[in-house]
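Below, each structure is written out as structure tokens.
First chain A sits with chain B, and in the next complex the same chain sits with chain C.
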Partner chain A sequence: MQRRGGWLAQAPRITLLLMVAPVLAGLAGTLAPAFGIVPMPDAPPGLAAFRQLADWPGTAEAARLSVTTGVAATVLSLAITLLVVAALQGTRAFTLLLRLLSPLLSVPHAAVALGMAFLIAPSGWIIRAFSPWATGWTAPPDLLTLNDPMGLALIAGLVAKEVPFLLLMVLAALPQTDAPRRMMVAATLGYGQTAAWAYGVLPAVYRQIRLPVYAVLAYSMTAVEMALILGPTLPHSLAVQITLWMMDPSLAQRGTAAAAALLQLGLVGAALLGWRGCEMVARRLLTCLATAGARGAQLDAVLRPAAAVLAGLVVAAVGLGLAGLAVWSLAGLWSFPDAWPDTLTLKTWTRAAPDLAEAGGMTLTLAMLATLVAVTLTLACLEAEARHGLRPTSRALWLLYLPLIVPQVAFLPGLQFLALVTAIEGTPLAVAAAHLVFVLPYVFLSLAPPYRAWDTRIATAAAALGAGPERIFWQLRLPMLLRPVLTAAAVGIAVSVGQYLPTLLIGGGRVVTLTTEAVALSSGGNRRIIGTYAILQMALPALAFAAAVALPALAFRHRRGMQVAA
Partner chain B sequence: MTGLHLTDLRVTRGGSTLVALDTTVARGEVLTIMGPSGSGKSTALAAIIGTLAPAFSLQGSIALDGVDVTHLPTRARRIGLLFQDDVLFPHLSVGGNLAFALPASVKGGKARRAAIDAALDQAGLHGFAARDPATLSGGQRARIALMRTLLASPRALLLDEPFSRLDADLRARIRSFVLTRVREEGLPVILVTHDADDARAAGGRIVSPLGQPLPIRPQSVVGKTGSIG
Partner chain C sequence: MTRRILAALAATAMIGAGIPTMAQTSPEWQAVLDEAVGQTVYFNAWGGDPKINDFIAYAGEQAMSRYGVTLEHVKLADTGDAVARVLGEQQAGRTTGGAVDLIWINGANFAAMKEKGLLHGPFAESLPNWRWVDVAGKPAVVTDFTEPTGGLESPWAMAQLVFEYDSAVLPEPPRSTGALLEWITANPGRFAYPQPPDYLGTTFLKQVLYGVMADPAILQQPMDPATYDAATAPLWAWLDAATPYLWRAGRAYPANEPALGQLLADGETVISFAFNPGRASAVIAAGELPDTVRTFVLKEGTIGNASFVAIPFNAGRMAGAQVVANLLLDPEVQARAQDPAVLGFQTVLSVAALPEADRARFEALELGVATLTPDQLGRTLLEPHASWMEKIAGDWARRYGVAQ
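== the complex of A and B ==
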């Protein structure tokens, strides 16, 4: 009993170590080849790797793309999210939007990007819808709507994926801000809704969503699978170029890749610092505006429709994109410019079934493994917190976000190097362990609030009846928290299913999942097959979330006190 | 040495004394700790059942039937607790709630079911074992909560304003049900309340959290103030 308690008390440390150690080890493993400390064919000891990077003609442009697409996508995502909450909260449109947007959160990045590509490609649904009656085109036009050199398609894809995430983060932060009373005070003083929210609630909300925003910025600057599908190609954005160098089988580009990974890390660090500076300026500006006394009562008339249109565009882009994937996977003959295929058939699905089953099985195995470990560790952490009266520090929260803010492309090359050295590269177990680094933070962030909010009088009542901590945990706390535990597990599965870069690099190309396969197929252009992979990739997390709702409802169907307040 | 002994029990926080009790509650006796909210009532209660937050410091001792329980965890103290709300476990049936409290020493499904049915009968809730606690009335829930507490065979009982959430006519009935049952069990009982009616109905000594005896005021006066409040 004593020993066990001792282990449990260590759970938070073990968990943090499991998240932080791979990041640090990975960064070290990236540094070593870049400086030739571990010599690579293209990188003898010294700064040769950096010289090669400097000599590569695309470096400046690739780095510029990383910054412009990343910052633009983050600014747009944050602006749309804040505008939607500020202008629309409390309206019926807002409730509807939430219903539509929250399921989109679990759609993997690759599926969103593939759906978006089907939508905006020269032969995609949008152009088909206007052809030939409006455009006169009878063949797909020669337009760079996809993979455009400015990265506009990539920015659109990133925004569509990040708005649902940021929206959920804002909604989670709102209850701790006393928003309704602040809004009421501002309204009685004559402020319009948007202005009231911006002046009264935004500062409190932003403090809580700062880390998620940083994660979005770091992710958007270094997105690999979305950039492979939607982004520029001449040159690629820096993260994609690093991945391509890393995957070179001859190892001839490893040193350059490592040097580029350090450049990427520096870019993200600089962007985060710049962002922090802008935060301070924005705060000053907001204070000035708020104290100027402008009520902004007329703003709502403009901002409300604008917010509704922007949010509608996000929903439509993802929703129609996914619908497009589904239709393509069932399409028989579908020639341009028809908006609908001539025939629908299951032929693609039956032909792809064996490969789909294999990749799907591997995807699910990895997801289950990583999620099981993540949920167990999270429960151990939270239970240790409850039993030993530990308080989470803000430093621990930063460490939790570390794997989400340090770009994957900066530390995964090092981890791959370590995996190669220890000969575990290419094994499913190593891939699952790499997934765990990213699954764990999300599972923890999802489960911690409901776990901490559990009514501790239940525990006191049970202890007064003679129940020990084990019994309270297994018979009371865990069953009562079944729904949030399963929801956290579904979040974990969604995160694992969506992982591209860790699977690719740690799996050495030998661990094939729906995600790696869908992205690999995307360059080939067989839309029907791509559709099947993307739909299945999206279906796995959706099923997990459905189970998280259905199982507790079934288990507690005779317990009114366990139902979710509608 | 039967009964609940509070020997020079003091709870302090940052230099100020919140609780100072030095008394013995005999079996079958009800001691009432009364005071307005914020007066240290719930601190006294937390000290006796062992859920005091680390910010508080505790001196003195708590002994139950001659056994010092001051440093035992809540689960080992065998002091039953009845909350302001019933705190029934929402994911278990009524019978499941009672079974949770029944000691494991009652072995065999049949024996355990019989013990639960007997408890339900005593509460006047025959055949309620399979019911969802959420479908019970306030009075029924209060009775189940008491039976759950008693099934764990406690050696003493703490009542934390257990009647304050019930409406007036139900309150008198539940109060007399609870007080009659605990007197039958012959347990030392501490009632924590801010309500003069409850304190008077308990019929025992009344003290403040700092141990000062409070006089029981004449019924008519209490009745008047009670009706104002």
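== the complex of A and C ==
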């Protein structure tokens, strides 16, 4: 008993180690080839790799793109999210939006990007819908709506994917901010709803969502799969170019890739610092506005519809894009400018079925493995916290976010290098372990609040009746927390299914999942096949979430106290 | 022993059926045939395409029924794996009884094996069916990416660049490099090529290079830095003139061959191209391209290359491997490979030179609405020396790859 307790008490440390060690090892593994410490065919010791990077004609532009698209996407996502919560909370539109937006959270980035690409392409659904009757176009117009050099399509895709995430984070933070009373006080002083929220609630909320915002900024600057599908190609953004160099079969570009990964890391670090600076300026501004006493009562009339329209656009972009992919997967001949295919057929599905089954099976296996380990570790951490009265420090929270903030392209090359050296590269187990690094934080973030919120008086009552901590955990806490545990598992599965870069790099191209296949196919432009992969990629997490709703309902069908409050 | 008798019986039966190519057998070849009976040949070939796998299985049935040779398809993810295996055997001192008997190979892998002395031969030109191979019309069957094959590998399929166009929009396509440029400038946004270093994109650059160069013969030599600028000046002039009128004004390029094909299917481009003369017909048959799409070639010829089979120096079943290599050149097998419903690969044989009955097999093929006949495909141009494309792809990236 004592020994087990000893192990359990170590669980938080082991978990943090599992998350932090790969990141640090990966960073070290990236540094080595960049400085030629580990000689690569084209990277002798010294700074040759950096010279190669400097010689590549697209370096400056690729770096600029990483910053502009990443910062623009983060600013827009955050602005839309805050606007929606500030202006619409409490309205019926808000409830509706939440219901529409939360399922989007589980849709993998690649699927969102593929759907968007089909919507906005010159031969896509939007232009088809207006052609030829309104536009006069009988052939797709020669417009650069996709892969535009400024990265506008990429920014739009990132915003569509990050708004649901940030919205969820804000909603999770709100209960701890005493928002209703603050709003009420502000309202009695004559402030409009948006202004009241901005002055009264935002400072408290922002403190809580700071880390998620940093994660969004780091992710947006280094997005690979979305940038491959929607982003500029002349040159690619830096993260994509690093990936292309990494995947070069001749291994001749490893040094350049490593040097570029360091550049990327520096860019993200600088952007985060810059963001921190802007936070302080924004705080000063907000204080000035507040002390000036601007009530902003008439703002609501403008901001409410604006927020509704923006949020509606996000929902429509993702929803219609995915619907378009579904239609393509069933389409026979579908010429421009028809808005609907001539014929519908299951041919694409039947032809792709063997490949889909194989990739789907691998995807599910990896997701189950990573999620099982992640949920077990998280439960161990939280239980250790409960039994031993441990409190997570803010440093621990930072470490939890480390894999989400350090750019994937900066530490995955190193991790791949280590996997190569230890000859575990290309094995599903190694890929699942890499997924764990990203699955664990999300599972923890999802499970910790309900776990901590569990009414400990139940445990006290049980202990008074003679139950030991083991029995309390297995027979009371865990069953009562079945719903959040399954939801956290579904989050884990969604995260694992969406992983592109870890699968590609650690799998060495030999571990094929729905996501790697979908992204690989996206460059080929066969929308029918892409549609099948994207639909399946979306279906797996959706099924996991459905199970997270259905199983507890089934298990608790005779327990009125465990029903979901209507 | 039983196997040997069975095979002998099979061979007799076949002669009875009157297969013309077997009519005269030299004593040397007869010795190879005798030795091959009962052997199991391990054919290491890329296994990523079910159609190709089915075709190899068919060749295996033929090898058994005609020659009593068992063909075992070792499905590779990458031809390099087999090359590495043979190299490993050489380094381990295994000079006989190697695991690889026959490899589907071309380009860099062939050059590497040839250079390291990993190949058996020359054997290709002593195969009985070699006499039907179209060496004059398809020089790529003896020159593999400028590397002379020297009989160390035997061709079995051809790929050739063909242009595709929608005849409903464009009645008469431009049939030369110069005319193509005129058409591009007159029809902005309706032509694209994949972004180099994609192989089809670089193939297009080679094609243009052939069309505009004063002396394309130097492409067969390694690139000389001293003459490079002058030699490639017409290529850059052509591209500079065309780029503003390309799809998206050259500010974005399709990623690869499927993406280029999708642009044609979407009607975004009107002229397109592929490295497979049968692609358009196959995609039309699949219902994913309008049936008004047709193909054409340029009058100066288009780039073509061949797929080969080679025998490692230490192959355990040397005779059986040669029998299979010869079988792959058999007119009946070649005609089957060319059938769009089977593979749609172009034959390496000179169809016109074949005996009447074999010619009829090719003439009977339903090529598909958009596929050119072997005669119409015209001259194939040889792949330039690899050093040219390395330099050109790099310069392309500098000039157009980071355009703003």
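Assume the second predicted complex is superposed on the first by the 566 of 566 C-alpha atoms of A that agree within 3 Å, B and C clash if a C-alpha of one lies under 4 Å from a C-alpha of the other, contacts with A are read in each partner's own complex, and residues count from 1 in each chain.
By our rule, a residue touches a chain if its C-beta (ideal position, glycine included) is under 8 Å from a C-beta of that chain, and two chains touch if they have at least 3 such contacts.
All values derive from a computational prediction rather than experimental measurement.
> Which partner reaches more residues of chain A, chain B or chain C?
C
> Please work out whether A:M480 is in contact with chain B alone, chain C alone, both, or neither, and reply first, second, both or neither.
first
> When the two structures are overlaid on chain A, which partner does A:G293 contact: first (chain B), second (chain C), both, or neither?
Touch status of A:G293: no partner.
> When the two structures are overlaid on chain A, which partner does A:G6 contact: first (chain B), second (chain C), both, or neither?
Touch partners of A:G6: none, neither chain B nor chain C.
> For A:I458, is the partner it touches chain B (first), chain C (second), both, or none of the two (neither)?
In the superposition, A:I458 contacts chain B only.
> So chain A touches chain B in one structure and chain C in the other; where do those two contact lists coincide?
none
> Which part of chain A faces chain B closely enough to touch in the complex?
Contacts found on chain A: 389, 455, 457-458, 460-468, 475-476, 479-480, 482, 556, 558-562.
> State the interface residues of chain C toward chain A in the complex, per the touch definition above.
Contact set of chain C toward chain A: 77, 169, 188-190, 195, 247-249, 251-259, 261-263, 266-268, 287-288, 290, 397-398, 400-404.
> Provide the residue numbers of chain B that touch chain A in the complex, in ascending order.
Going by the criterion above, the answer is residues 49-51, 54, 73-81, 83, 85, 87-91, 93, 100-101, 103, 132-135, 148-149, 152, 154, 158.
> What part of chain A is in contact with chain C in the complex they form?
57-58, 61, 122-123, 139-140, 142-144, 146-149, 232-235, 332-333, 335-336, 343, 345, 347, 510, 523-528
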